[in-house]
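Next come two complexes built around chain A: one with chain B, the other with chain C.
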Partner chain A sequence: MTTTHTRAPSAETKAPRRSALLQRDWSLLAQRLGALGIILALWQAAVLTGLLPSITPTVPEVTLGLWTAVTSTSFWTALGQTLSAATAGWIISCVLGVFLGLLIGPLRWLDRSTSVTVEFGRAFPTIALMPVILLLLGATTSMQITMVVLSALWPVLVQSILGARRLDPGIADTVRIYRIPRLLWFRRVLLPSALPFVTTGVRIAASISILAAVGIEVLTQVPGIGRMITLAQEAQRWDLAFAYLFFAGLFGWTVTALLARAESSLLAWNRQASG
Partner chain B sequence: MKTLIRAGWTLWLPVLLVTIWWFASANSTNIYVPSLSRIVEVLWRDISSGLLIDAARVSLTNLAVGLLIAAAVGILLGLLIGETRRLRLILDPYIHFFRSVPQSALVPLIIGAMGIGAAPKIYTVAFACVWPILLNTIDGVRGVEPTIRSVSRVFGVPKLLYFRRVVLPGAMPQVVAGLRVALPIGIVVMVVSELFASNQGLGFYILNSSATFQIPETWGGALMVGVIGYIIVIMFSLFERRVLSWYFRSGAL
Partner chain C sequence: MTAPQSIHTGSLDVLGGEVLLDVSHVSMGYGDGEHEKRILEDLNLKVGHSEFVSIVGPSGVGKTTLLRGLSGLLPPKRGTVSVAGQTITGPHPDIAAVFQDYSRSLMPWMTTRENVAFPLQGQGVGRRERNRRAEESLEEVGLSGQGDKYPWEMSGGMQQRVAIARALAYHAKVLLMDEPFASVDAQTRFDLEDLVVNLREALGVTIVLVTHDVDEAIYLADRVIVIAEKPATVVDVIETGFGTVRDQVDTKADPRFQDARGRILTRLRKA
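Entry: the complex of A and B
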């Protein structure tokens, strides 16, 4: 699984007095800004001394590029296009993956029968299918969404199966003995029990969706932020290319951070229950 | 007999799916969906002529070198940053930022700047793969038991020995998990970089055949990449179980 790298950070801060905490926050911020300054200075020095390829833009050039990007409408349109394609594919993957996963997970025979197929799908580098899908559907948004779904479905599916599989046998027996209705069982027993796993899958799927959507744009004529990067590179506008790359990173970072926050508030009960 | 039944249970669905594909596509008139038998025929032709083997060798070498660089840099820096609390706090937002950059967006920049040879592809793979390894190594180092840490300090264990025999093994499960995350990213970036611009490798085979409308070759190349990716991931999980057998045995999971 890909769950291990996103373990919740251990409670490290020991709750010192408020003023001390504030002060430390400020000094940490100052140090972080200092580190940023050092990184940028190293970059600038590397460009000026010719350590990086000659086309690499300098720090002021990229800063200007960032400004040019933010103030142009084409940038925001492209960002919107990437965002909507990635979101559409992500939502389809989540619905499909959770549905199939919760169907497969509790049924032992189905779980065993599908394991090789699911494993294969997960390990398959979907991007390799891109030329084939491109031939079938053309350089369209529906092709892009199809590719996103084919890439992002698997983590949701695998995590949902794992979550559904982990249902406590004692609870399963209780449910059977009391003849709990199927729908109630699904909503109040299976779903909550699988939720911690499902949310991890949903989160991984989000970053894969962005990766796939941008990747498709880089490789084909589908419009979006990835296409903008390729176009800027072809036009030798390296400052803009770096600026777009920066925004692509910022975009990915924002999505990851938001989802991590949503997940921890959604699963607050789980963490309390398990200590 | 028991293993036979188990194999039957796990394999009937893939076999059924391939069979359906085989017969459903047999009389396909859509030129974009060639019959599976034709795809297999073409694949076999290009494998036995060595064309696809050479392409796979080029791609896998790039992937392996890129991953090795990423692992070396990620583990070394991870040990250093994980051990130094201050450094970790300062660099944390930057590492997370670089981790979030959609790796495929790097491809036009690096290849545009450095050309279509092997080096830019290796760099792209290395750059994309280094962040998950780095983050996981930092997490792993942080997870090392504080008691073990202080015992090593009290006994004055030399720094190098301490890193090699205490911190690294302690962080190993997380490091391997980081490699497991990095591996599929590396495969995807390898394919994207070859599909973007190349003159050899598996991605080139796919790109070239689709540009010249050799559709069965395009399908065959895609399948080949998929199967190779699958084999790599399976081999890695075997390797993981071997390297970390002590960890799995300890029941720490």
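Entry: the complex of A and C
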């Protein structure tokens, strides 16, 4: 009875608020499309006036290239290859990074002894490792996934360590007083407490994964979108190369946006509790 | 007994009956050897079943350190704490605690019911049984039907009720409270004090409360232990003799309350 009472008034106020929100959404969308339109117009103008090299495709040419791409099966196959390698590497990075981070974070001696190594790994230009990994594993999907993991692991690891460190001392005392077993503590206390930090790492790792997967295809013979870009470039099909580039960017952006949305619904408590 | 309208100097031993909590020659401090910083010196205290003992002292005297010692969170430098005849070596199933900072002891990612039931989950109590016990405890603190709310949807007073419910659901014999009502407004504070009085009467829980608030210490307790000086020692013990029922107006107007208040405040001013 009390719950229906509290819900009734909110239903009335919701309708006008939603339409106002919708209006703001539309005007924001219009502004964003406007900004995109201006960039495209500048591009077109730069090509026509000879500011950019003559081989640069014009906007209509790239648009046509986009169409050629989405209607060909080879594009979708390549996309599938890139995304599956990126996803595999990303998932491995997330599982490994969260596990190691939550192990290291709460143990002060382990945290202290590994901090330099972690900082070093994070700052290391992973791409420089590629010749070595290529020599070890060849131009294979497992090489690609290894490289993705070596690139994407760090943000997850660093964020998980930070998240685990910030466990509130009041909660830590409570957990000890009530003698919460280790595994339950890990699952129901440490993990949710660290989650606001972990999700940021996971989101950064997702865009790095796509970036690394495409980059490795560009530099080696591994099949995928990156390889398609190189092939189009070698065949002087600049329109197609730009179309593929556009898709590589689009997918990176889509994945990041989806994760940000999932994160905000998963962490409603965090916004409420701290705000 | 002597005239009912005067207060007594109490004892550190229980009046009669069984000893539940036995604090024997406990010294607490930080650091070791030469660098040891002694906080609390040689405390002896026995607490009986269903007794309410307040430990009152000025801010910074080491009350929280003492409570950490009693709860098993921090081992004493010397001496022993035992509950029901068993010497404790760490947190113990017979001891629950409620801290001052309710907002930091409840987990914001769990509902109220989950927070209350969580310690039971740790003891391997099944889901149905722990939800039943959580609901029962929430009812006892006046929060029936609020189990699905999150702590951040509640006021400070309600959050502290949840922390008390969590301690009750744990079915510990001794409830330790560290300045539990320090961060709420005056009216809420009175409500919570009366809640604790009623819970003690209804459930027979044994309570040890530390506070710097002299009025609160006297109002709630059967025995008030006054600690002061550095390192802290017991400087006075007062028996209030109010029985198990309290009233915010009558009890505080009682001459015994006034006597005890005057005596403790004078003693603390000296310290």
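Here, the second predicted complex is superposed on the first by the 237 of 275 C-alpha atoms of A that agree within 3 Å, B and C clash if a C-alpha of one lies under 4 Å from a C-alpha of the other, contacts with A are read in each partner's own complex, and residues count from 1 in each chain.
Rule of thumb we're sticking to: a residue touches a chain if its C-beta (ideal position, glycine included) is under 8 Å from a C-beta of that chain, and two chains touch if they have at least 3 such contacts.
These numbers were taken from a predicted model, which means no experiment stands behind them.
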Query: Which chain, chain B or chain C, is in touch with more residues of chain A?
result: B
Query: Thinking of the overlay built on chain A, is A:230 touched by chain B (first), by chain C (second), by both, or by neither?
result: first
First, second, both or neither for A:169, with chain B first and chain C second: second
Partner chain(s) touched by A:252 [first = chain B, second = chain C, both, neither]: first
Task: Figure out whether A:184 sits in contact with chain B (first) or chain C (second), or with both, or with neither.
output: second
Query: Between chain B (first) and chain C (second), which, if any, makes contact with A:140: first, second, both or neither?
result: neither
- prompt: Which residues form the common part of the chain A surface touched by chain B and by chain C?
  reply: 2
Query: Which residues of chain A touch chain C in their complex?
result: 2, 168-171, 173-174, 176-181, 184, 188-189, 192-193, 195, 269-270, 272-273
Query: Okay, in this complex, where on chain B does chain A touch?
result: 6, 9-14, 17, 32-33, 86, 89-91, 93-94, 96-98, 100-109, 112-114, 132, 135-136, 139, 142-143, 173-174, 177-178, 180-181, 184, 187-188, 191-192, 195-196, 202-203, 206-207, 210, 215, 218-219, 221-222, 225-226, 229-230, 232-234
Statement: The chain A residues in contact with chain B across the complex are 2, 4-5, 7, 10, 28, 31-32, 34-36, 39, 53, 55-56, 109, 112-117, 119-120, 122-125, 127-132, 134-136, 207, 210-212, 214-215, 218-219, 225-226, 229-230, 233-234, 238, 241-242, 244-245, 248-250, 252-253, 255-256
Message: Could you list, by residue number, the parts of chain C that touch chain A in their complex?
response: 71-73, 91, 93, 95-97, 99, 101, 104-105, 107-110, 118-119, 121-123, 145, 150-153, 166, 170
